[in-house]
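The following pair of complexes shares a single chain, chain A, combined with chain B in the former and chain C in the latter.
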Partner chain A sequence: MGNGHRSRHRGQGREGAPSHSSRSDSARTLVLPGEELPSRGLGPGPGTYRVNGRIYASVLGLLQTQPPSVRVAPLAGRYIPRARDTVIGIVTDVQGTFWLLDIGAPRWAPLHMTGTPWKIDFGETQQYLRVGDAVVVAVEQIENTGRIGVTMIGDGLGKLEGGTLVSVSPAKIPRIIGKGGSMIQMIQKSTGCTLVVGQNGRIWLDGPDDGIVEVRSAIRLIEEEGHRRGLTERVQAFLDHGSGAPRGPKGPPPTAPWAATAEAPEPDPAEGPESEYDFPEKDVN
Partner chain B sequence: MSEEVTAEILTTHILELARSGRRLDGRRPEEYRPVSIEFGFVTSADGSALARIGETAVVSGIKLEPGKPFPDTPNAGVLTTNAELIPLSSPTFEPGPPHPRAIEVSRVVDRAVRASEAVDLKRLCIAPGEKCWTCFVDIHVIDHSGNLIDACMLAAVAALSRTTMPSRRFELGEDAPLALAHLPMETTFCRLGNTIVVDPTFEEEGAAQGRLTIATDEVGHVVAMQKGLVGAFAPGEVKELAEAAFRHGDKLREAVRGGTRP
Partner chain C sequence: MGSVGAKEIPELIGADGRRIDGRRPDELRPIRIVAGPLHRADGSAFVEWGDNKVMAAVYGPREVHPRHLQQNTKAIVQCKYNMAAFSVDERKRPGLDRRSQEISKVIAEAFESVVFSEEYPRTSVDIYIEVLQANAGTRCAGLVAASVALADAGIPMVDLLPAVAVGKVAGRIVLDLKKEEDNYGEADLPMALVPQSGRLVLLQMEGHMTRPELGEALDLGVIGCRKIYDVMKQALRDRYAAGSVVSGAAFSAAGVAP
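Moving on to the complex of A and B:
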């Protein structure tokens, strides 16, 4: 299906060296795995790889030129951990000196007892965290072996008590946080709920029951329409409109992410053309 | 990573909501998710359908081939049901030999199709004791968002209802539709505390304290049942659920009857 959609992109030479627009050219460019990207002297960022000095996309996603690197923001996919990410993990196993956390990554992440604010003796791990407990941890490093090192020492990290969890595609997390955390602040303000957003696609929320229902619906809305323009306004309108009432599936059916790129976008003066695709890197905490 | 651990706080939240008759996705306890069926989804099969219940999606394909009848049923054809839980559909499914859950799904679907006598096996006989049709019902779960049994049954019956017996291919006369005698449907309920919900989602199944599946047909028979997970149902509850199963089953049957033959 790729070719049909690709050909509809706005005027880019597809032969020879690709001449993708960068962010400043106000175009959203969908790239396919294996597609050569315009490096312009930049290095390979997340979602790309370099062979013989050329940079290629490794995932299906949107091209972003963010000096010093070019990167591809995937449209979907499992969480790939990166150092300094804040994530929400679920304890899946308890050992003598560590817990194994499911952070939605391809592997489980061991949380060692020295990486917690508690003073624990060998064998006491069970008294602190049990299977099924949810914790906020930070990814420290990804070792060469693939082992994901996480820690629970730091601001905003620790065990989650009460509240509930919502899971979304990790690719949608930047939409949910919004530019400089604007979306998350708007949701918290409108619903009276507290949110903790993990980069791995898990969101913890607590607050009044009606608020939780509302946040859930808002998150679904962002998930389905995050790729379209004017998202902030639509979420605000959604939150202002009737609160608390149970809702079924609403709004237009989910559109394929490339639909927005394929058609001429409706003019939206209230918003800079690229603001929806400005991926804030670290807005949690 | 074969089993996904559900977060304790999520389970607690689901049970808390259930106490006041609410659910995570805003449904009422007795509310089924939207159902849709796409007939003739696999063109190379003799009958096929893609069934969706909410975000759960299941493809079923039917293949008919001449074979030998079993010695103890010389006048009947053979029906085999197989369900595959492919790793694509859920992070908890692994490649390899069938998972016990896949075996349960195929057995429960097979039981309901067989017990309802939806497929008249006598009509699948070609030459008694010598030759009969073997009917393969293959079910592939392509997206697991809860309530696999109902979705698999819906896909299987939808596919069977639009199946053509490929007689010409095997030089056994003219092609004819495989007429279904009945339209059995499964309805699954889960206990969440004192509330019983129909059509559980993936998260609700993780929090459930007992699961009951009731297969009904359009005549008014309960044709099969399956109890799963740890937890109990009182006799009175089972009677009420059977009543509800007919109501939901009739809606599912409507979905199968609707649509045109491809």
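Moving on to the complex of A and C:
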């Protein structure tokens, strides 16, 4: 890359470093690639790079000062797979002993026939999964080569039959799941639909037609207002008065029916593993 | 010349030192950038720059097609620059031509030098630039749009890449040529700057300039690039400030084949 003195951060940052005071004052600062970051003697963390002792952002995201490093939590970008994630993949290629799955990651994930509950002979893969089929799989490991190992053996894993897929940003998934799965359960109960949520931002749903419409609107509501307080109440109110809700992905954001019931403030409803990937509020600048 | 159909060459710089559209020599055309207008793409941007209208979409990092281009240690950057048939006065014959191939190549190489490609080995970052309306400087407008789209796609890179053309018109060095100045001027010098390091990662020239003029042109271009850089940054901030943090994938739904 021509520049002699550049050192890149490699590997994962220290997830566990607790530094709430320094986090809170910087967690809402949006930074852009090339922007110089206040380093105060800290090292370059994920989403940053260092040239001649100065630290710059390399991705668009939120600035986080977590001693011993400065890091940028990305706001955009593809799904980055992590071990033990449950994801929804779409078959993109069928080979003699494995399938290639598009899980929204930078690379396709091979699903080997030994990683399925079926007993398959060589060449029979086509009879079980074809291009375009959707499956629920778990990420087993990310190899050094970047190969993503996935398996279909486990609870809740397998082929998806029928239903509909909806895609959201992977960063919103913790809000859609809710604390301990509360949000999903609430949506399922009110709409009579079955949901399967993948950490890669894909949501599969099946059930009565108007239920599906309602779930889609609810997901969009969570996407747009997931960073605001009282989300659970708003979604509940929306589902209760669902008839007046906008029906199509292009409609105006729903506001009226739950406006009155949104008063009771609730502590952060979502606490998924990625809750640090927060969304900027209106005052982001 | 007086040949049939020859257009009269307009007076490119008036007696008051103003240009054909009233600009001063160091003045840019009005520029407006919207980040993230497309929902299917991982990142996108729309640029209106003078009478240019350019849309850029970025996909990736994703699997490389065709496979043999895949590199085991880094991502590759691929770019396709295309002008719509209706983007110019006389219908442009659609499809690849030598000019668009060249522009695609230099833009891809410019981005290759700023993207941290080692982070995503064996993948490809694909940039698509569609010129909807052209009025000189579309490679710069395309580069600016692609750069904002890359940032919007969350691709790690050294910096955004502002670009502008400087030219020599009626014996004077001027910033950001428009069509008449490009057609009837003496030189055209498009460039792209890495603001963080001050390096130029794209520099081409058509026509003639003296050495001192080239120095003057480069200085003027860098100033222009820094102004465009501010507009690019504001476009990205606006996208996330509006509260509509619906990113790339947005609300896209796809039916599942049974």
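Please note the rule applied: the second predicted complex is superposed on the first by the 167 of 285 C-alpha atoms of A that agree within 3 Å, B and C clash if a C-alpha of one lies under 4 Å from a C-alpha of the other, contacts with A are read in each partner's own complex, and residues count from 1 in each chain.
By our rule, a residue touches a chain if its C-beta (ideal position, glycine included) is under 8 Å from a C-beta of that chain, and two chains touch if they have at least 3 such contacts.
Just so you know, these numbers come straight off a predicted model, no measurement behind them.
Asker: Check whether A:W108 is in contact with chain B, with chain C, with both or with neither, and answer first, second, both or neither.
Answerer: Both chain B and chain C are touched by A:W108.
Asker: Determine, under the contact definition given at the top, whether A:G201 touches first (chain B), second (chain C), both, or neither.
Answerer: second
Asker: With both complexes overlaid on chain A, does A:G123 touch chain B (first), chain C (second), both or neither?
Answerer: neither
Asker: Just checking: does A:D133 make contact with chain B only, chain C only, both, or neither of them? Give me first, second, both or neither.
Answerer: Touch partners of A:D133: chain B and chain C.
Asker: Look at A:V213 in the shared chain and tell me whether it touches chain B only, chain C only, both, or neither; answer first, second, both or neither.
Answerer: first
Asker: Now for A:P67: first (chain B), second (chain C), both, or neither, which partner does it touch?
Answerer: neither
Asker: Could you let me know whether more residues of chain A are touched by chain B or by chain C?
Answerer: Counting contacted residues of chain A, the larger count belongs to C.
Asker: So, A:V51: does it touch chain B (first), chain C (second), both, or neither?
Answerer: In the superposition, A:V51 contacts chain C only.
Asker: Based on the superposed arrangement, let me know which partner A:L160 touches: chain B (first), chain C (second), both, or neither?
Answerer: In the superposed model, A:L160 contacts both chain B and chain C.
Asker: Residue overlap on chain A between the chain B contact set and the chain C contact set?
Answerer: 78, 90, 108, 130, 132-134, 160-165, 204, 216, 249
Asker: Which residues of chain A touch chain C in their complex?
Answerer: Those residues of chain A that touch chain C are 1-3, 8, 30, 32-34, 36, 47, 49, 51, 56, 58-61, 74-78, 90, 104, 106-108, 130, 132-134, 145-146, 160-169, 171, 201, 204, 216, 219-220, 223-224, 227, 249, 279-282, 284-285.
Asker: For a test of understanding, state which residues of chain A touch chain B in their complex under the given definition.
Answerer: Those in contact with chain B are residues 78, 90-92, 102, 108, 130-134, 160-165, 204, 209, 212-213, 216-217, 246-249.
Asker: Once bound in the complex, which stretches of chain B touch chain A?
Answerer: Contact set of chain B toward chain A: 1, 4-13, 17, 20, 22, 24-28, 34, 91.
Asker: Applying the document's contact rule, which stretches of chain C touch chain A when the two form their complex?
Answerer: Spelled out, the residues of chain C in touch with chain A are 42-43, 60-63, 113, 116, 118, 120-123, 151-160, 194-197, 199, 233, 236-237, 240-249, 251-258.
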